[in-house]
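I've put the structures underneath this note.
Shared between the two complexes below is subunit A, which has subunit B as its partner in the first and subunit C in the second.
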Partner chain A sequence: MTTDTAVADPTTGEGGVPLLHTLNEWQRRVPLLQLLALAALYVYGLSTIEGFGSQRVLYAILVNASLLGLAGAGQTIVVLVGGIDFSIAAFISAGNVIIAELCGTDHWSTGAAVAVALAVGVLGGLVNGVLSYRFKVEPLIVTLGVSALLSGLVLKWINGSATGVAPAWLGTLTAANGTTFGIGIPPVVVIWAVVAIVIGLVLTRTRAGRNLYLTGVNQSAARLALVRVNRTWIYAYVASAVLATCVGILLAGYSGSGNVTIGDPYLFQSLAAVIVGGTMFGGRGDYWRTVLGALVLSVVALLLSANQLSSAAQDMITGGLILVVVGLYGRERRLRDRI
Partner chain B sequence: MNALDFLRGLLGKRPYAFAGLLALLLLVVNTALQPAFLAFGNWAAVLASFAPLAVAAMASTPAILSGGGGIDISIGPLLTLIDIVIVANLLPNGLTSPFVVIPVCLAIGAAIGAVNGVLVAVLRFQPVVATLCANIVIGGLATQVQGDTVPSGSTSWTKDLAGSFGPVPGALLTIGAPLVIWWALSRTPFVKALYAVGGDDATAFSAGVNVPKVRIAAYSLGGLYAGIAGIALMSLISEGAASMSAQYTLLAIAAVALGGTSLAGGRGSLLGSLLGAASIYLINNLLNVVRVSTLWSTAIYGAMLLFAVVVGAVLTNARRRAVA
Partner chain C sequence: MSEQSQVALEVTGLAKSFGATRALRSCSLRLLAGEVHALMGENGSGKSTLVKILTGVHAPDSGGYRVGGRAVRLGGPAAAIAAGVMAVYQEVLVVGPRSVLENVWLGADGVFRRKISEADKRARAAAVLGELLGEAPDLDTPVEQLSLSDRQACGIARALVREPRVLILDEATSALDVATRDRLFEALARRRSAGMAVLFVSHRMDEVDAISDRVSVLRSGESVATLEAADATTAELVRLMTGAEHLTDIPEGGAPAHRSGPAADAPVLLRVRGLRLRPDADPVDFELRAGETVGLAGLEGHGQDAFINALWHGPAGAGSVARVEVGGETEIRSEQRAAAAGIGYVPRDRRGEALFGTLSIRENFSAATQDKDTRFGLLSRASALGRFAEYRSGLKVRMGRESDPITTLSGGNQQKVVIARWLARRPDVLLLNDPTRGVDIGAKRDIYALLDELTARGVAVVMLSTEVDEHIELMDRVLVFREGSHSTTLDRPSLTRQSLVAAFFGRTVTSSVAGSASPDGDS
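The block that comes next holds the complex of A and B.
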């Protein structure tokens, strides 16, 4: 179940057609189909919706994808190590509310408020990682518990309603017409690009990244190969929580104020970005794929809202599309091939 | 120390015992603080408010038991969809007879469950992927059917389900039905095959078990139970509840895990899920009884859930290590 051959489509992987076989080999290394889906959706938008190719629309898509992609970064790391994180939404909301309250209501300096938010992220991630590793409790349940605990504490702290306003400069980070050092690209997109490069390199080029994959594929084997499985697992959860908190901080700028439910849509969306990208539970995939997944989902979201569909119809089409896209490359091997 | 060893032995053999003990403890505390809680006249109301979560937890169980990463995160939206179909489509059109409503709901539930099962077992999607998409699609469908204004309505038998049929609390029927169906199925080879498939699908396949068929049946059974949960929810709140779906999905899975069912498949029971759901329900109830500010209740709920799973794991794992 955790071998990489499972990524190949078994209907063509049996050597029948050489061309398809070669394409399959490529698909395993490079997310060809994801790229193709992204290009097809974008071209479809260009040809059916007026003004889809404008810079404004492109930046709107990119800003949206950046936030989703950053939220999906932590989920990617946790999924690669063989876990799952259902507390991302709570960390996003927490980061968001902490910044808005401390800066907006209590007039802290931004640096101090960010430090507090990150500390909460580190602490929460540690609880997730330590409890699920040390006590071998299903990560799904632990992260749900931490999620309830954290959002409950945040709710109590602000007595039920967020009143804070995010510092103005945060808004410029996520504005679609923002500039980075005078270049006309929204800063959050640049931040995402830098984070993507760093995470991509760490995952594929460093020992820490290799440990992550080894732990995800087989914990016992990784332990025998002298990987510190406990640290790898716990750090993965800390990274996820911290990244989610950062998304919350950025979202405070995006929405302008604190909001205890702002993270909720990311609960399933961050997972959807990972899945559409083609990263599978336990050691298969990388962050580049999640980047593509976030882009695909953001283009789809824009296409659907541009077509003025109801949010219900948008949901139904999104769900169906994810299934179709993942069906192209992300299926399990046949049972009879696994014996 | 002996008592602890006994406890560990019990938990090692019966994974649901922890949830049972926890539920019992919480029941005692609840009753001590609020003697009216267990008063006979109160039973019907208590059981009715417990029923949706209880049945949702049981609905999540067969998919998880079927193994291979099996999980159904579309149970929450499915049961709210059924609730909405009853209030928005069936009742306003004069279809109020239980002999129409109940079969329709069960059929919708089982059919959607079967689609999930086919996606997982035949088309070989990862269960999380298939049911996440189902979750999104069904959630959208539920919002669509619900419309802009929240529909509401009820009829005599749904009121009885939330109250009582004569002396029998109506919710005993909704909570009891899944257990009876499970008991009946355990007289057939299906349940044994389900545990075999969940334990090791490749071995079960080699032994001649029709693995896809068993898995499809498991997801359909979960969908059928979700149909019952939808009826229970509808009779309790008498209105559409598209916004409650995420809450039920997550609580139901938490209840299954608390009930000692392994998310890896093959180990666990329906009874465990029921007891896990009872624990969660009683935790929430306790927070209401002691009049904790509602602002605190989410945090305390989270802390108690973490505490419960960690204590459960410490007791159960210690036993497992000792045996191994």
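The block that comes next holds the complex of A and C.
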């Protein structure tokens, strides 16, 4: 990166291996590797585990992937703009507890409880975005701080233990045997599909999405090209927090009751889905890759639990996947710099 | 004493290229022990590259140098310091929160071991700072609490306490106040008699006159002459720095044909009043007319960059920048306002401030004009492509598909896409901050042709350039900046290489060949 003249020189670089070059070219446009991995994992499951191909297992994977994919949606947006969000887990837990407590214990109407949860998401996202942008504090630190603060506030509010029960209809949204308007697909999967289409469209076909990429790739250039970088950055964090809160609400249905630690696995998994999908910090990638990443991780999780492996094994595999993908993409990046 | 032992620094045939740019072609220089040797040259003549090689920052492609008769092993800055070469730069390099004492002795100790005793350090730091500042400051004060001039004095003291064989001052005096500078010159005079050699890089002829024994001139990466101070008149130095045989990218006679300048009654588009680029510098007033091409020139860091930025962001300090339109004036206070008022800005650092490296050519082009591609809230690819087609052919952009990453283009074609990004907003005033830097000759010509076309349509162009030839060939007039203020304006008839370079150094040449040297040929 230190040389300022990028002179095209066909004699250097990986020009000698045309197949590799073509594959790399494809990988840049389509997440081939992730698709292959997903297919391979699924086939492996089919051949080694009895009943893996059943609809029940498929829906279990999809429901799991939906929740993870939705949690990873906000992370994708934040990573694309060049930040990182480690408060997603806390917003998931907060959304979850708010719904359970307000509806289950305090008997609020669902609408009012959802509104409160979303308001908390908007406010928390603003704090994340404003602190990390205006005061130039490292987003990692800001979001961890906001995360701890929010968790503490929630715990204080419920005096240390969650007692609420989620409204019954929420449970039907995330049930693997649930139906959507009579069709036999769990509603949460349909919700995920709709959200994925909307986010995909917003990212590629709207000014808001384009500004996200411009800011993520080169903040100074974006500012000079009249992008309102500050707004773009802050809105990305608000979107992330709100999406996480929504996941918390859905999870309240999934688990049936409020649980202050329900978001914890998503602290790492939401980022893992983004990175395994192949979205890199600062404007490289899209939401479809995160969708794939969430599917891959969910299939892995099911395979491991079917083989009665511990969560320790799951952590190791997730970690390994991240390192492999990051290694591959890091290599591609060097390649690109050389051409 | 043999002849050899009196040579403190001998540089022979140094050459260094960065990619396609030959920063140093062939540089030879001999510094005697006990002399102050000034080094002069215009922008890009290779001064900085030479200093960086001497201090071990860059390794030369060929050639070498000897300090005190011994060849210096090329092993980075530590090897240069060990050989007795210390440099102080224009930028004030101190560690703000650390004490004066620690800054003076920065880097002297190992990680775990002190090489010099604390008492010794204090005594020597106090002595040298006393020399430079009249009275040494409290050595335990954090250096950030000192004035800029005193901080730079700490930087100079850092070099002096090590008693170097060769001291390089690379425009290091520009941050000093006059009293400190005079004390520094006295300190240098004392050390000169003790045998230290000083390589003095300065853009100030008065300073060069005041302390140097000899003067060497660099031009286009070559050392062209070494003069005794008595022979180094302004006219002679300017002649050496510009040179008749100046190596240029633009062939003679390649000047564009229009050169009639703006019409006398062309409306004023931009008005600058009382703009202060530095708190202590004189304010700048400026008017820009439709159809005019105005060059901004000067040695690096003399305010021209701050000036063009002020036209875009609005003034950082006192003064006003206003866009003049039929209905009245609009104050420029932000880039958003500037853009809304019909100003476009092509930044200097292409990679850092203009390119979106991983995005496509189309996305790079349309970044500042997304509103024109929006249909029912969605961006239309076809619309962006249609708009780009016009500029693609007009600017002769050589490229593959519009969906290819921008990084697949050559530097020149990347720059054309960045310029097209701004042209697409149809600006009335186009600000270009050194747009041809790192651009090949073919692309340069395409950009020049475009500028002619724009000004013919009544667009006003303000262009900062670090190339003397671009000013000579393209501009209707050139504003020369010096010490943070506008010092001279050179209009067409008086615009020659000699007059321009002399103005960089704050001098005027009354050149009898001004008329004939001007490449004004409307053939």
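Everything that follows uses one rule, which is that the second predicted complex is superposed on the first by the 306 of 339 C-alpha atoms of A that agree within 3 Å, B and C clash if a C-alpha of one lies under 4 Å from a C-alpha of the other, contacts with A are read in each partner's own complex, and residues count from 1 in each chain.
Everything that follows uses one rule, which is that a contact is a pair of C-beta atoms (placed from the backbone, for glycine too) under 8 Å apart; a residue touches a chain by one contact, two chains touch by 3 or more.
Quick caveat: nothing in here was measured; it's all calculated off a predicted structure.
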| item | value |
| --- | --- |
| When both partners are placed on the shared chain, which of subunit B and subunit C touches more of subunit A | B |
| Partner chain(s) touched by A:L224 [first = subunit B, second = subunit C, both, neither] | second |
| First, second, both or neither for A:V300, with subunit B first and subunit C second | neither |
| Partner chain(s) touched by A:K136 [first = subunit B, second = subunit C, both, neither] | first |
| Touching partner for A:A73 - first (subunit B), second (subunit C), both, neither | neither |
| Common interface residues of subunit A - those touching subunit B in one complex and subunit C in the other | 336, 339 |
| Residue ranges of subunit B in contact with subunit A within the complex | 68-69, 119, 123-126, 128-130, 132-137, 139-141, 143-144, 201-202, 205-206, 211-212, 246, 250, 253-254, 257-258, 263, 293, 295-303, 305-306, 309-310, 313-314, 317 |
| Footprint of subunit B on subunit A - complex, ascending | 1, 84, 86, 127, 131, 135-138, 140-142, 144-153, 155-156, 159-160, 264, 267-268, 271-272, 275, 280-281, 310-316, 318-320, 322-323, 326-327, 330-336, 338-339 |
| Subunit A-touching residues of subunit C, taken from the complex the two chains share | 18-21, 335-336, 339, 345, 347, 351-359, 363, 367-368, 370-371, 374, 377-379, 405, 407-408, 410-411, 421, 438 |
| Of subunit A, residues touching subunit C in the complex | 3-8, 201, 205-207, 210-211, 213-214, 217-218, 220-227, 282-284, 336, 339 |
